[in-house]
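I'd like to ask you about the structure that follows.
So that you can tell them apart, the chains are marked A, B, C and D in the order they are listed, and the count of residues begins at 1 in each.
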Amino acid sequence: MNPQDRNESLKYYGIAEVPNLFIHGRTNWPNETKILPLFWNNSGVEVCTDGTELWITVECDYDQYEPWYAVEINGALISRSMLQPGENNICLFRGMSSGVIKRVFFYRDLQAMGQDDCCHMLVKGMYSDGDFFEVPKYDYRIEFIGDSISSGEGTYGAHDDMDWIPMYMSSSHNYINMISKKLNADVRIISQGGWGFYCSWDAVRANNIPRIYDQICGLAHGEYNHGLGADLSYDSSVWQADAVVINLGTNDGTGIATDPSLSIEDAEKEVTAFLKKLRTYYPKAHLLWVYGMLGYDINTNISRAVASYIEETGDTNVNYLTLPNTLEDEYGSRMHPGEKSHRKAADMISDYLKQKLDK
Amino acid sequence: MNPQDRNESLKYYGIAEVPNLFIHGRTNWPNETKILPLFWNNSGVEVCTDGTELWITVECDYDQYEPWYAVEINGALISRSMLQPGENNICLFRGMSSGVIKRVFFYRDLQAMGQDDCCHMLVKGMYSDGDFFEVPKYDYRIEFIGDSISSGEGTYGAHDDMDWIPMYMSSSHNYINMISKKLNADVRIISQGGWGFYCSWDAVRANNIPRIYDQICGLAHGEYNHGLGADLSYDSSVWQADAVVINLGTNDGTGIATDPSLSIEDAEKEVTAFLKKLRTYYPKAHLLWVYGMLGYDINTNISRAVASYIEETGDTNVNYLTLPNTLEDEYGSRMHPGEKSHRKAADMISDYLKQKLDK
Amino acid sequence: MNPQDRNESLKYYGIAEVPNLFIHGRTNWPNETKILPLFWNNSGVEVCTDGTELWITVECDYDQYEPWYAVEINGALISRSMLQPGENNICLFRGMSSGVIKRVFFYRDLQAMGQDDCCHMLVKGMYSDGDFFEVPKYDYRIEFIGDSISSGEGTYGAHDDMDWIPMYMSSSHNYINMISKKLNADVRIISQGGWGFYCSWDAVRANNIPRIYDQICGLAHGEYNHGLGADLSYDSSVWQADAVVINLGTNDGTGIATDPSLSIEDAEKEVTAFLKKLRTYYPKAHLLWVYGMLGYDINTNISRAVASYIEETGDTNVNYLTLPNTLEDEYGSRMHPGEKSHRKAADMISDYLKQKLDK
Amino acid sequence: MNPQDRNESLKYYGIAEVPNLFIHGRTNWPNETKILPLFWNNSGVEVCTDGTELWITVECDYDQYEPWYAVEINGALISRSMLQPGENNICLFRGMSSGVIKRVFFYRDLQAMGQDDCCHMLVKGMYSDGDFFEVPKYDYRIEFIGDSISSGEGTYGAHDDMDWIPMYMSSSHNYINMISKKLNADVRIISQGGWGFYCSWDAVRANNIPRIYDQICGLAHGEYNHGLGADLSYDSSVWQADAVVINLGTNDGTGIATDPSLSIEDAEKEVTAFLKKLRTYYPKAHLLWVYGMLGYDINTNISRAVASYIEETGDTNVNYLTLPNTLEDEYGSRMHPGEKSHRKAADMISDYLKQKLDK
């Protein structure tokens, strides 16, 4: 007997059948398989239900980097764990009061994994003994584009831990999750540790986010992810962001400094080009570039490039802010920003966006 | 194929065979079954290993209240999740650097469940591809005896959540875990939500910790737990505490106030009697009674009773401290102390014990 | 020309003539001289005025320990300074908007100085170009009885500063001032650094607060202070406290430990005796003894003595709480509690009193 | 008898005669009068002395805006008060241990007052009964150029206080003082509330800092200040800054938005021009422009202008950072940044400068 069979009142819903389902994250949906792929960090499903118990059926696999998930109930982080290969039946809650609505958010805590073609995470269905109600409206839609900071590297783990593994990455503890709560915002994350807007920390020119931005998930490679529609063109028409926050530059700085064949002048052009690209997807969104949580190496270059974009296009719905650097006692694991540093970034960005978007 | 079979270097160890295993919590060990029951909150196993991957095999069942577990790696909380009935193979970490020692602590996050005879959680073995090394010495041994506060009720969950369910209880987020880190102490918890030293919050006279203290886990009832040795006599000779912290009184105050057949005078006698009992188990331990995180209703009575104990016995290795009450903005869920309140209690108790035990 | 003569609209009021004057602190008032002595820490005058400018005329002298004063405007600390011997004309504010009411509190920042018979501080009058209005009602009256902690030793100065001088003492930065703000309470302080309820830190039996409690200010000695009425009997009938907080014990512990002719048993009797004495002054006040900001040495004794008092008298309007000890990073100067420690004490006491007094 | 005559061991030193005197702030020194004018916020004198007592003689006058002073002993703020017109003999400490060195910093807490030609503050001498020793070396020299934020408006006073008066301005509580402590830096402030780099908040084109930057204190007008040398040319050769921090822009944004005759394009040119001017004074200093504590209105313009300066001059020893905006619960009085906001700015700037200057 499966655990979810103990409660005879539980009824299974294919994920496409769940009433009032709210889907988080950029993905290929609806699709013919009626199975929901979670490509990106913080992608997931949210429901409001009045039952006593709720399960989710998730399939996953990987060669090297296993996906992790997190569960929030009524906005509070309750559980976080590694997925196992194959079908995972995960109980999201049980034994709760019937007739009271619980708001439940299940999401992928791991970034898209370009380094593991097999890595995937799919939501197949839910078991519930209650009804599903509409998820309360979010006030804003915000897309975040970033690197390891936005992939939450270092937000879990002890100070001296240095392995580059999924366990130390998250969206449950990162600044984007905090902003989502502060602004009541539906957030999406497009991020890849080590990459930049122009090159990666190890000076690979092709490892830049703009190159893969046009696909649903240009970081999910291989046969299997192809089958999931990862490389389909991204259609922004159904989800128009109010703001796009680009938190990139740290890796570009490092990469350019180590490889003379890369050039900061070219990099500046890519800032401008990327802003133009984003504008095609989101004609009305406020574009906010932020930078600095791990130092200000190429601050002047980003600053100049954003200015060039404005001058060239006349588009003034853009801004550039430097964020507070991570102080010595604010590091998490992997020499990456810890909770205090993420909180300061969240405070600054959410304050800025609130005032900008409410105007 | 089971997930733990993917890594062919993994070797299975029955839990009794794991070299240098460090067992946390009061339990029945060694025993004939060579399976380790985790009866109490924060009970668990700790190892140091240099492998790339580590799994634990845990069996559990329950009728109503499911056990939860937590995982700390190198002292940082990494994962927390519900167990499912039956055998759970849980990957504690994978993909880590070989040859580097990781310190891993897997523990029960749920209190002993007197309300569910079927509830149990057993550690059967581990899969490792590395060697096991000695766990670094703890500086102190401290036993905590408490109620819902020590069972971490309210340390997870949103402010308005009120269901009495395992999800909202923990030892991963409570003051005892914080003290363990501050003092480098091997801590044990004997706690039951709703109970006191004399009666429970709902005025049931028998629902008091001293009554069940003499058994290994007098709260784990039923046939199954009997088989695990829960009701065997507790033998303190192998684990002599440096200090015992009793955090009881909140429920007694409520219970006595609602039932005229209960008496505060009798309650005071139970304080004295309980201290005498504890002294028989731990002749040299410092006995510290603390109270106040949820108000000071019977403060005077506990204070007087502790004084009586000292007068009667001449035993001066005892003290009584009032802890800071939970302020309005310091509540977690279930109208119970949240993180800030737990942190203040941890600061005060650990500072006190450090000075007392180092004398 | 005196500075206060520059503004021709200023009018001088003898302090006895100031309409709606609110006097803080235990003192000899009204008196024949119509000059107001400020004997105790935090004693002072408070007014609400709509003028543009306000001065106060204060006379002081001393042999060794000079008085300091502090100024709060609308509840915010604005100025703090040493007084000079002779007449001080102090401008409390100038250049402010006419017609807007400012609430101004001028007070003595230095404890009563038993070690300097000449030390005194007198308020003679005020210069104002506005009218005086009623000071808003305080919600509670609370008397604090204490030692160096209540005299604010260490609340100013660098961590390593060790001189015992007025500069490092205050009521502007101590926990009592914080409580006053939190509870909107009219507070009074009776405190002397180094003293206890039974003996002083250097084991002088006579150096205890109860001995001098019955006079208006039994710590202000000498001819001059005699003339001010310092040694007149204290008449509590005009200011009945809602609560009396006794924060004593730290010095007793030290004194008793160093002199075998002193006895902790006798000290316990003095706790009881002091509570009885306080009850004669304030029949309805809640009596709260607190202790622990600098360690818990004689906690058990105070606890037992308070219990004895209750048993003997049947008076249950009494309580005893231990406060959080000062942690390593919470010290101010002179090895005394700094701001964080005072804040924790203020949080705990004000929370307790609010609930107790609102019942 | 003057108060300073009571201690017969005190010896008077004209300020020019004080051995090892350390002068803070841009001023006219040495000069023929041998009297030291304190023109700017945080300007003052610092000494190390082993006496028991120290006085300072300060002369001041004003028509409308009275100067305030502050005193730090061993790095801790001890006293803050208004000056009175005429000669003020201020006791900085007394009764301290002989033979122990005290480090004392007396400074002007009020900005230069362009609105009051009579306003001035002069240090004439000191009384000491000890010797004077060398002030420990500062690690950096940093000049700050700013507006009301750098003049500390709002760092004293209650939240709702709105008068524009010296009492609410300070350098004792502002971010520059914090940075000075964090970096062990000798800091200088050139600031004027309401002004910008191009125009003032009320759109007066001439009210900009660059216009008055070339004089010692171009904000101190009138006959008297002329006599003090306020309008002499500033000679930077004797004090070469390691960094210059320009915190300007808030008032320009407001001014330009309200007056169509002002132009943001012209303003951008002034950024460039001002940086060029600063470079002439400090050929090797790092020039850091910061902005944002009260919003980001003209962020893009400053950003672009700094980029233009770099492009035009090839000078890359320049940077531009946005600071965290003041959050709702971080305001002091006068709708200006309070302590938390100043602390965040100080953290960010000092972290940045430490890394930049240590390279």
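Throughout what follows, contacts are C-beta pairs under 8 Å (C-beta built on N, C-alpha and C of every residue); 3 or more make two chains touch, one makes a residue touch a chain.
Note that the structure is a prediction, hence the values are computed from the model and not measured.
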| item | value |
| --- | --- |
| Mutual neighbours - chains that touch chain A and chain B alike | none |
| Type of chain B:chain C copy interface by residue overlap (half), same or different | same |
| Inter-chain centre distance, chain A versus chain C - centres from mean C-alpha coordinates, in Å | 56 |
| Centroid spacing, where centroids are CA-atom means, of chain A and chain D in whole angstrom | 45 |
| Chain D residues counted as touching two or more neighbouring chains | none |
| Pairwise chain contacts, counting only pairs that touch as defined | A-B, A-D, B-C, C-D |
| Residue ranges of chain C in contact with chain D within the complex | 3, 6, 64-66, 73-82, 84-86, 89, 91, 93-97, 156-158, 160-163, 165-167, 333 |
| Chain D residues touching chain A - in the complex, by the definition given at the top | 292, 295-296, 299-300, 303-304, 306-307, 310-311, 316, 318-322, 324-325, 327, 344, 347-348, 351-352, 355 |
